[in-house]
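Across the two complexes that follow, subunit A remains constant while its partner is subunit B and subsequently subunit C.
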Partner chain A sequence: MGTELAVEDRLIALLGKTLGPDAVLSPATNLVGDLGLESIQVIEYLCEVEDHFDLAIDEATLADVQTIGDLAAVIRKLGKD
Partner chain B sequence: MKATIRNSQLPLRNADFDTLVEALEYAAEGEAGYNFYDGRGELFAVLSYRELRVEAMALARRLRGLGCKRGARVAIVAETEPMFHRFFFACQYAGYIPVALPAGFQLGARKAYVEQLERMLDSCGADLAVAPESHVGFLRQAVERLNLVKAGTPDEFDALPEADCVLEPLRADETAYLQYTSGSTRFPRGVEISQHCVMTNLRDIAVHGLKITREDRMVAWLPLYHDMGLVGFVLLPLGSQLSADYLSPRTFAMRPRLWLKVISQNRGTISSSPPFGYALCAKRLRLTDQDRYDLSSWRVACVGAERIHPEPLRQFAHVLAPAKFDPRAFVACYGMAECALAISFADLGAGISAIKVDKETMATTGRVEPLPEGADERAEDTLTFVDCGEILPSFQMAIRDDEGRDLPDYQCGRICLKGPSVMSGYFQNPTATAEVLSKDGWLDTGDIGYRVGTHVVVTARRKDVIIVNGRNIWPHDLEYVAESLPGVRFGNVSAFSFADDSGADQVVMVVESRETNPAKMRSLIDELKSLINTHFGITCHIDLVPPRTLPRTSSGKLSRSKAKQDFLARAEAPQGASALGAHG
Partner chain C sequence: MALLDKFDAARRTRDTLAALPLNPTDVVIEEVLSATEAMIQGRRTIMAGTNNYLGLTFDTGAIAAGQAALAASGTGTTGSRMANGTYRDHLLLEREIAAFFDLPYAMVFSTGYSANLGSLAALLAPGDAVLLDSEAHASLFDGCRLSGADIFRFKHNDADSLASRLRRLGERASSALIVAEGLYSIRGDCAPLREFAAVKREFGAILFVDEAHSLGLYGDHGRGLVEQEGVAEDVDFIVGTFSKSLGSIGGFCVSAREELPLFRYASRPYIFTASPCPSVIATTRVALEQLRTRPELRKTVWDNAHRLYAALAELGLELGPDVSPVIGISLREREVAFACWQALFNAGVYTNLILPPAAPDGGSLIRCSVTAAHTRAQIDQIAAAFAQVCRDIGVGRHAAA
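Let's turn to the complex of A and B:
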């Protein structure tokens, strides 16, 4: 359980760097809809995420990611493989 | 693994072939080819022209075994991988027409992407479709309701038996490919380009535009389903027997510095990008990185595909001066899929030539009065354009007014072109074709500009199209998505863009609504913004207005240009700042 929370927290911390301290983020935050990120900012964020967790996420997987929680689930799965 | 080299013996032939297959047969006599770099900038695949020829012929026989008729369409989801090149050229040998489809990348956009693929597959009447493993899931969903002969991964096609047949490659008078760069995602239009058309354009580009020599090497991160990627960096290097190095568009977006790394290490000489690519790269460069690269080999850095603003380019050249980037390498160019790729190139080695003109004269008379250099004009009284250079020799150009009359030099009008590099038409779409292509062969590009002799200056691209980060977004696609929301009525939405003070396109959607409760208005705006963002990956300003505010023509059609004028007037009025501010 402890590690599960950690992934979400780390994703939120990374995103906070892009959005600034005022952003209110939770695992339910929709990365595209709620935050109004441009696609190029989304890519920059994913780049940081990939570097931070040292893994690569393919397009097919990302097409089903909506929320921070979804992204955390993907990262946990890739981490286990 | 080693990247392909420059040809050591084979004499250069600058695209003087009748067909793409003839060009490949000749290139296969040398050592050059295509090289693919992964997300970390490491070489992961090499495909020499020699190997491509052998593999494409074998694959052509496998495709022929499926029994499709000559001219059948083969859709290829165009990820930047060797499979794209293999299938594209297998079609050339088999007598089939390749159609590159976008290899989409948008977070949470499965549904939108699958629908887009389905509409394109349907519109081109594809018989076969192939996607790399990473995208085949989307493709399988997209073909569920269509009746294709076969859709699958490259491996599934490679497992087919080779038909015992004589290959009859596509002839000069046959179609070379269909291109879906043009038009909206909802009503996709496939630009049909013949072998003769694309070969003429390649020859023009190689000989007159870029003056290609055997010493050249091309580097690209552009999507291969885009005309600049497909024609400029798959077909052009082949036509002139050059080696080409690729990064995927996604790799570039994530790590733009890898572009510089590949150019630097492979001594690339030709590499192009829409303006946003240069801006992104400059923005993401670390200060300590600048002298890690040697960009002195980069002699042609084409800039095209959207309106060019000089400032971001100056910035790019400035931060990369320590890496020996020469600002004179910038070459402004103008082109479109309807003309295969290129229409004009600025002079090589001259850099960007910015022209300042008087704003008021241009707005009121359409006449351009270039201001002398160093003229003491206030910035807000002037507009800056970039000379896109001399039109390629195979084109005739006319600048016309709305009644179709030819206009003189320095007078803005619609840019019209005629010549062998103009498309055959939009595939199986005579109505859309007739809208832009006259019976006597003149293409109305929809772009606005003026001429100075044989030089063209583009002042506005495609009356209505919105361009964000090099992507074309059509207003009616935005409006359609908005109209799907409860509380928004069909025909009560108008989308357009305007250039802000920095020259960047801002997207605006004016929406009529009966809602007067501020909290409900706020939530409708948020919903609309979120919806547009999910579908198009852009931020859109939403301007809610009362019913019957949007201007209509006498026939009841919405007027986008008038809606834009009204919006800008509201935004400039003191109390109307909310149009841009609070409403976001």
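Let's turn to the complex of A and C:
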């Protein structure tokens, strides 16, 4: 459980770096719907995430990712593989 | 959701744009006066937002060749080369493109989009890995997606980001495909191809470069950024288009790899498309010859690029990092970008308004492009229009502190 929270906290911290200190973020935050991020900003954020977690995430894996929580689940899965 | 409900968002976007004094997605060019001027809303307008880099759309030789081809061979081929036959001139153009690049193999496609789609869909298959620049053109992304390969995006123009992703792929890296462009079409920035080539060599990957916007502009022979950066030996496949510097329509892929001719049997976008019509092939061949034999066109477009870039930089506008015939002006807020674009239009200068999601950084841009056909006086008129707009709207040096 502790690890799960850590992944989400780290994702939120990374996104906060992009969006600034005023952004209110939670695991339920929708990357596109809530934040209005454009696709290119999402790609740039995902590049940061890949570098941070030292993972390679292909586009198809991201197809169903809507929220920070979804992304955390992908990272946990790839981390176990 | 019903099938057609998905158009609700598009309908709202269209209606919002339609309510504007001038809808940027619906500009009607009523009459084309030359390579650099057109009538829009009944007014003579300088075209500073085309991709007509060498200004060849009204080349008299190309027009004559196109007219002769129409008379001799008709209006269209009415079918695919694989099913309905290859015209001799398709082969001649392919030979001439290959010779121009000093490479053994060339394939011609009906559009630049289908060249990218068709080449990537032939090269890649499910289970393959492709590394794609985060700002790569939609046609490159679509080609990768059509192939079913695993797509990994790397940070725009960042060789370290590319290398780190290849490293994570482990053994797959040695058969991975790296896809980048030469000159990027929105901000006018260039790929670090020498660095990409070094990464490609380190991992033993395959390198694929789209020179759509760089053909005719870079290199001693005008072949593109690959030539200018001296990395031709490292680039396995080059794709490009006829619809920009060559002023027609169509696309190509060239390579030293003997597999390229086999794309004809593997590329669905090639197999299932009607081949380029005879007049297009004819005008493209003449334009290619012009590109090859008139280096002064290249010199003129670059002189114009430097002149306009310097003038816009002097106004304190936020420009792309590289001077090129594509000048992207970042304006951040959508409303400011639209106001500037409209004011430029009112001043008789047509530019391109780039709004999210097309803008690379999520902001808004005005894209300007220059051609070899612009006169120095026209470049100065474009710069003067920008100066007026900066004063009136308060951007660049005139922005409120």
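The rule we apply is simple: the second predicted complex is superposed on the first by the 81 of 81 C-alpha atoms of A that agree within 3 Å, B and C clash if a C-alpha of one lies under 4 Å from a C-alpha of the other, contacts with A are read in each partner's own complex, and residues count from 1 in each chain.
Everything below uses one rule, namely that a contact is a pair of C-beta atoms (placed from the backbone, for glycine too) under 8 Å apart; a residue touches a chain by one contact, two chains touch by 3 or more.
Quick caveat: nothing in here was measured; it's all calculated off a predicted structure.
S.K.: Taking the superposition on A as described, I'd like to know which of subunit B and subunit C A:64 touches: first, second, both or neither.
M.R.: first
S.K.: Mind working out whether A:24 is in touch with subunit B, subunit C, both or neither, as first, second, both or neither?
M.R.: Neither partner.
S.K.: State whether A:54 touches subunit B only (first), subunit C only (second), both chains, or neither.
M.R.: second
S.K.: Between subunit B and subunit C, point out the one touching more subunit A residues.
M.R.: Of subunit B and subunit C, more residues of subunit A lie in contact with B.
S.K.: Mind working out whether A:40 is in touch with subunit B, subunit C, both or neither, as first, second, both or neither?
M.R.: After superposition on chain A, A:40 lies in contact with both partners, subunit B and subunit C.
S.K.: Show which residues of subunit A both subunit B and subunit C reach, each in its own complex.
M.R.: On subunit A, the residues that contact subunit B in one structure and subunit C in the other are 37-40, 43-44, 46-47, 50, 56, 58-60.
S.K.: Would you tell me which residues of subunit A are touching subunit C in their complex?
M.R.: 37-41, 43-44, 46-47, 50-51, 54-60
S.K.: Using the touch definition from the top, list the residues of subunit C that touch subunit A in their complex.
M.R.: Against subunit A, subunit C makes touches at 129, 134-135, 145, 150-155, 161, 164-165, 168-169, 356-357, 359-362.
S.K.: For subunit B, which residues are in contact with subunit A within the complex?
M.R.: 39, 103-110, 113, 134-135, 137-138, 250, 253-255, 280, 284, 468-469, 529-531, 533-534, 537-539
S.K.: If you look only at subunit A, which of its residues touch subunit B in the complex?
M.R.: Those residues of subunit A that touch subunit B are 30-34, 36-40, 42-44, 46-47, 50, 56, 58-60, 62-66.
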